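Both complexes below contain chain A, partnered by chain B and then by chain C.
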Partner chain A sequence: MSETTPIITAREMGVVGCRRCTQVWPQGTEICGRCGKRLQLRDHKSLQRVWAWWSVGMLCYIPANMYPMLSTRTLFTVQQDTIVGGAIELFTHGAPFVAMIILFASVVIPLGKFFAIAYLAISVQRRSAASFGQRHLLYEVVEYIGRWSMIDIFVVAILSSLVQLRSLAAIDPGPASLFFALSVIFTMLSAQSFDSRMIWDMQSRDKGEASRGH
Partner chain B sequence: MVTDAPDVVIEPQRKSVLSRVSFVWLIPVAALVIALGVAWDSYSSQGPLITLEFQNGAGIAKDETTLKYRDITVGVVEDVGFSEGLSTVLVSVRVDKDVAPYIDSGANFWVVRPELTARGVSGLDTVLSGVFIEGVWDDVIGTSEARFMGLENAPLFRPSKPGLEIALRATANGQLTENAPIFFHGIEVGRVGKARISPTTNYAIAEAIIYAPHGRLINNSTRFWDTSGFSVNIGPAGAEIDFTSLATLVSGGLSFDTVVSGGDRISDGEVFRIYEDEETARNSVFNASEVETLELSAIFEDNIAGLRVGADVELAGLKIGEVQSVSGVIDRATFGDSRVRLNAILSIQPARLGLEVEASPAAALNFMAGRVRDGLRARLTSAGLLAGGLKVELVESAQPGALTIPDMTATIPQIPTAESEMRDAGASIEGVISRVNNLPIEQLMASAIDFLDSAQDFVASDELRGVPEEAVGLLEDVRGLVSSDEVQNVPVLLNASLMRLEAVMAQLEEQQLVARLVGAVDAAAEAAKGVDTAVEGVPELVAALQGVAAKAEGLALEELVGEINRLAGNAATVIGTDAFNALPGDLSAALGTLQATLNDVRNGGVIENANAALASARSAADAVAVAADDLPALVTRMSGVLDQAARTIRGYDRGDELGRDVESTLREIQEAAKALASLAKTIERNPSALIRGR
Partner chain C sequence: MTDRLPPRPLPDLIVCPQCDATYKLARPGHGQRAVCARCHTVLIMPHSKAGIQIIAVSVAIVVLVIAATVFPFLTIKVAGTQNSVSILDAALAFSDGPLIALSLSTAALIIFIPLLRVLLALYVLIPVVLDRMPAKGSRRAFRLSEALRPWSMAEIFAIGCAVALVKITDLADVTFGPAFWMFAILVVLVVAQDNFMCRWTVWKSLDGLRKSEPRK
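Now for the complex of A and B:
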């Protein structure tokens, strides 16, 4: 899709699509006749929810990086590692690949999500250099990739349940894992709260301004 | 297309502000509130930071090492660093807020590390979990402090284990093992703390605690003794091995008992002495001298082995103390060379000095100082010839005023010393022994044996055995001579000559006048007088004969006597012949004639001739007597020599076999001498037998 060939939105066509079952209804229809979901032409509180979830996720992300993610207790020592600290330690112990994966999955992706969501939320209110199609693609990617951030939590959960050898060795989830999970959940909620249709409203507004200017 | 869709379709929302705000905002607000609350809570519950100073921080880790009070974590190490100049380790500990006020100036901190001792393993949990810092403080809130000096070891006195705090003073041989148990009737009631050498004395001093209910067992007549190791007694009841517990066997332990009742209660800080064993401890109660001893240092120039701890210190032969410790001392600054000198610490009982004032160490020191000014010196002497050890004797051996105790205020004043007497005594004993050693006993024995051998050889020699036989032969010859016809004929010849004399006299009678007769009688009287004189020589002759008989020493004495008897018998036979018996008659007749005619004889010079003959006979007898005199002297001398030899040899070993040989030999010789003596006696008793044959 290009800027030169503007897309005609559903609103411009006077219809509204159900967000659950994608049935298209004429504008003004309150409730989806097929699945019963309330129809909304635009979610006016979408951005509020995005920002709300976003801020909670951001709040949770801080302790998720400050507190230890894993507590590895062996016979003699108790080792507690934060996410970044663990990655650095792996790197220094000659496992740069694993370190990179951890850094990518636990730091780059969550942070990227935050930035992406924030960018999208801002871009629906302001002009952006990126095309509408690119922004939509970004939204899709964010929504798709969000669940994979939970892989950290899975690893922690699996390790914690497997390595419980009483006094010999034990791996326990650190407080950071909870915050990290919350952070992921809240960013997913934030991404889901985003009404992607608003991306295209800007186009129609541009178009409207352009037509009015004409 | 519907490109011109009316904008009015989108109606402005006419809803309240509340309805326009999403409820989702509650979640971040709540999260924020929770976060802030948690932050505030953690901040407000955070206790103060205290700093502990340790000599080393082995095992202390940041954020891991905990501070424990009664085994409960009350803080955690936040930071580990160094003090200025890196002299000590500073450990910052964040303590719990509710505990912090109690951590006042009386608090003690130490690092609990795993410890393996003979008494067992302690702090084993720290092997796995790492060390932790333990702290003790009392239950009274005091002025708070932020910086504490950490202890190297756990303190003995803890508020959690109250008790009587005493100090124990060990003797030179005592054992003060840290953490050693203190027993009372086999029950552990206390602990010994870390022992240290007291800077003022040569004692080792250790703190000790008697735990709370047992403190009343201690009073000032309580005695402590060492129960470490074990003792083995072998007596009529069998062998007995005695040790209090396996732990004391290895690491030592103390026991105590209050031997006499009625002691005064004591308070914290009392000092007790540790005795070597129970017996000594119990006996010490009855020793009068229980006051503090005076310690004097004596440095002896000569380093003589043998002075031991516990040796007596005597003043005028009276024991006034003992040697407390002996050590070598090298002090180039004082003595000018690096020779090792003997430094003995003398422990003097003031009570034994008989001071008029109170028997305190200070009074004793004053007394000793006065005596030292008078010339009192310490010197080493041997404790006894048999004992072999040394003792220290205080004698006035120097000029008064020459030396004083150098430093009266020193912790151990030094008493000047004199040259030890040990060297002289040792030398004289050595001299005696060496002289005894140098005696040529073996040579003496050899020569004695040689002498006795030769004596035996002499006695057993054929020549000596032959002597009696020769004597017998000699006597037989004598008998033969006596019984010979010539001798038998002597009376006949005598008779004939007398008859001729009678004839001569008759002739003379005819020729002379009465006057000549009177003169003749006078002459006869004179002649008789001469005969008398001649007869006086007879005893000497007898003695000479005795001597001759004595020469006939030997073994065949009976035979000899028998021979002599036979000889006498023969003589008797000779004399008993008719001719001989007739001799007196003839003699008297002859004498009658003689009397009548002697004057003639005298005139004729016969009397003079007879006198001369008799004189020469006497001189001859004298010569025989002189010659015979030598033999008794020889016998006497020999007897003397043998007696001397007997005495000398008896002086040696009477039980020795050689001695016995010598004795038996001597006895034989003595018997021989006795036989000789009896022979001599027989002859003496009956000298006439030789002359008269009866």
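Now for the complex of A and C:
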């Protein structure tokens, strides 16, 4: 709010803030009287949950890329496409822009998210070259962008309900769609488990040690 | 009366939920916003007459969701054969075997969760705007609505539609049904409703409930 005064954290002030409704309570209060959320100065089990969801999400992402996402049946042929295979198909058939969207939403974003969450979880335990602000921004981007990976699932849903033209042509979802959706959901839960206050704790510690910035 | 007094809140302070920075509470005026100086999270952003506007938009959303779910959404035509689908059909596309779970969650993500969140918002906000006592269980209702926030994916489904349309327009003729346009408006309203609501103000207005409702 005010820019000039140095930041004091709730921990240093001996209070604890509710993460849901921002009401402030004395330290030691267990449950927020306003919204009923459990109050924790720091969520110490946060990283365990982050890594647990992260691992399950990663495990689901592997079959999501190996099994077919869509099977397209036309009069004479049945074609099964994986995520990457389908995008390459689109690219060669003159829709490079859509291919890029699909590749971005289903490959670049999920992989980037796995790396970003892992990096954040590791960086709160040791020093990092990136500034606190940059890491917080990364966390917000991961939180915001995570849901958008569901695009591919919705595209499959629309295509496979719309293109049902009896003998002429039909598009059906493949098993990869289930694994991909699960992977997106698990990585969202992983990102939600991360206690972003931990990013800033190192800053308070630096201040305490009165170390010089470089 | 008892030895142990319940803990007292500190109403003059506000803590950033994202980075734990603590500030002296200064309520911004209408149209202004209070932003955390360290991590730039928006803490408070009151709008004048926000309550009544959110209620109006919410009612519109409820009507549109119901209409958009039932009416035909897209129609495809190839060589005389045609197929029309509603949004519910699209959501329930994964219907065989284990994929049924995916069908149900897709339907939830694009229809039922956005609808439920709007209904919860109406339940919480209507008594507040009318200056009545908050409805019974308001805090639980708003809590649920907040917990469901990341899982409301109507706007992502809209982009999914665009991608799917580009994918098949050169294979077949696609025409838009009435539900398509309703859904387009719906997405804008859902996003607007969500971004216009100041969480802090809502929690603050539910504060008065504490005396009448026993603490859990």
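We adopt the following convention: the second predicted complex is superposed on the first by the 201 of 214 C-alpha atoms of A that agree within 3 Å, B and C clash if a C-alpha of one lies under 4 Å from a C-alpha of the other, contacts with A are read in each partner's own complex, and residues count from 1 in each chain.
Heads up, the rule we're going with is that contacts are C-beta pairs under 8 Å (C-beta built on N, C-alpha and C of every residue); 3 or more make two chains touch, one makes a residue touch a chain.
Because the structure is predicted, anything quoted here is derived from the model rather than measured.
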For A:118, select first, second, both or neither according to whether it touches chain B, chain C, the two together, or no partner.
neither
First (chain B), second (chain C), both or neither touched by A:130
neither
Quick check on the superposed pair: does A:107 touch chain B, chain C, both, or neither? Answer first, second, both or neither.
neither
Looking at the overlay, does A:78 come into contact with chain B only (first), chain C only (second), both, or neither?
first
Tell me which partner A:55 touches in the superposition: chain B (first), chain C (second), both or neither.
first
Chain touching more of chain A, residue-wise (chain B, chain C):
C
In the superposed arrangement, does A:145 touch chain B (first), chain C (second), both or neither?
neither
Once the shared chain is lined up, is A:13 touching chain B (first), chain C (second), both, or neither of them?
both
Overlap the chain B and chain C contact sets on chain A and report the shared residues.
8, 12-13
Spell out the part of chain B that touches chain A in their complex, as residue ranges.
1-3, 5, 9-10, 13, 20-22, 24-25, 27-28, 31-32, 35, 64, 128, 130
Which of the residues in chain A end up touching chain B in this complex?
8, 12-14, 27, 41, 44-45, 48-49, 52-53, 55-56, 59-60, 63, 75-78, 186, 193, 211
Provide the residue numbers of chain C that touch chain A in the complex, in ascending order.
6-11, 13-24, 26, 34-39, 43, 74, 76, 78-79, 81-83, 85, 89-94, 98-99, 101-102, 105-106, 109-110, 139-140, 142-143, 146, 150, 153, 156-157, 159-161, 163-164, 166-168, 170-172, 174, 199-200, 203, 206-207, 210, 215-216
For the complex, which residues does chain A have touching chain C?
1-3, 7-13, 15-26, 28-29, 31, 33-37, 90, 94-95, 97-98, 101-102, 132-133, 136, 143, 146-148, 150-166, 168-169, 173, 175, 177-178, 181, 188, 192, 196-197, 199-201
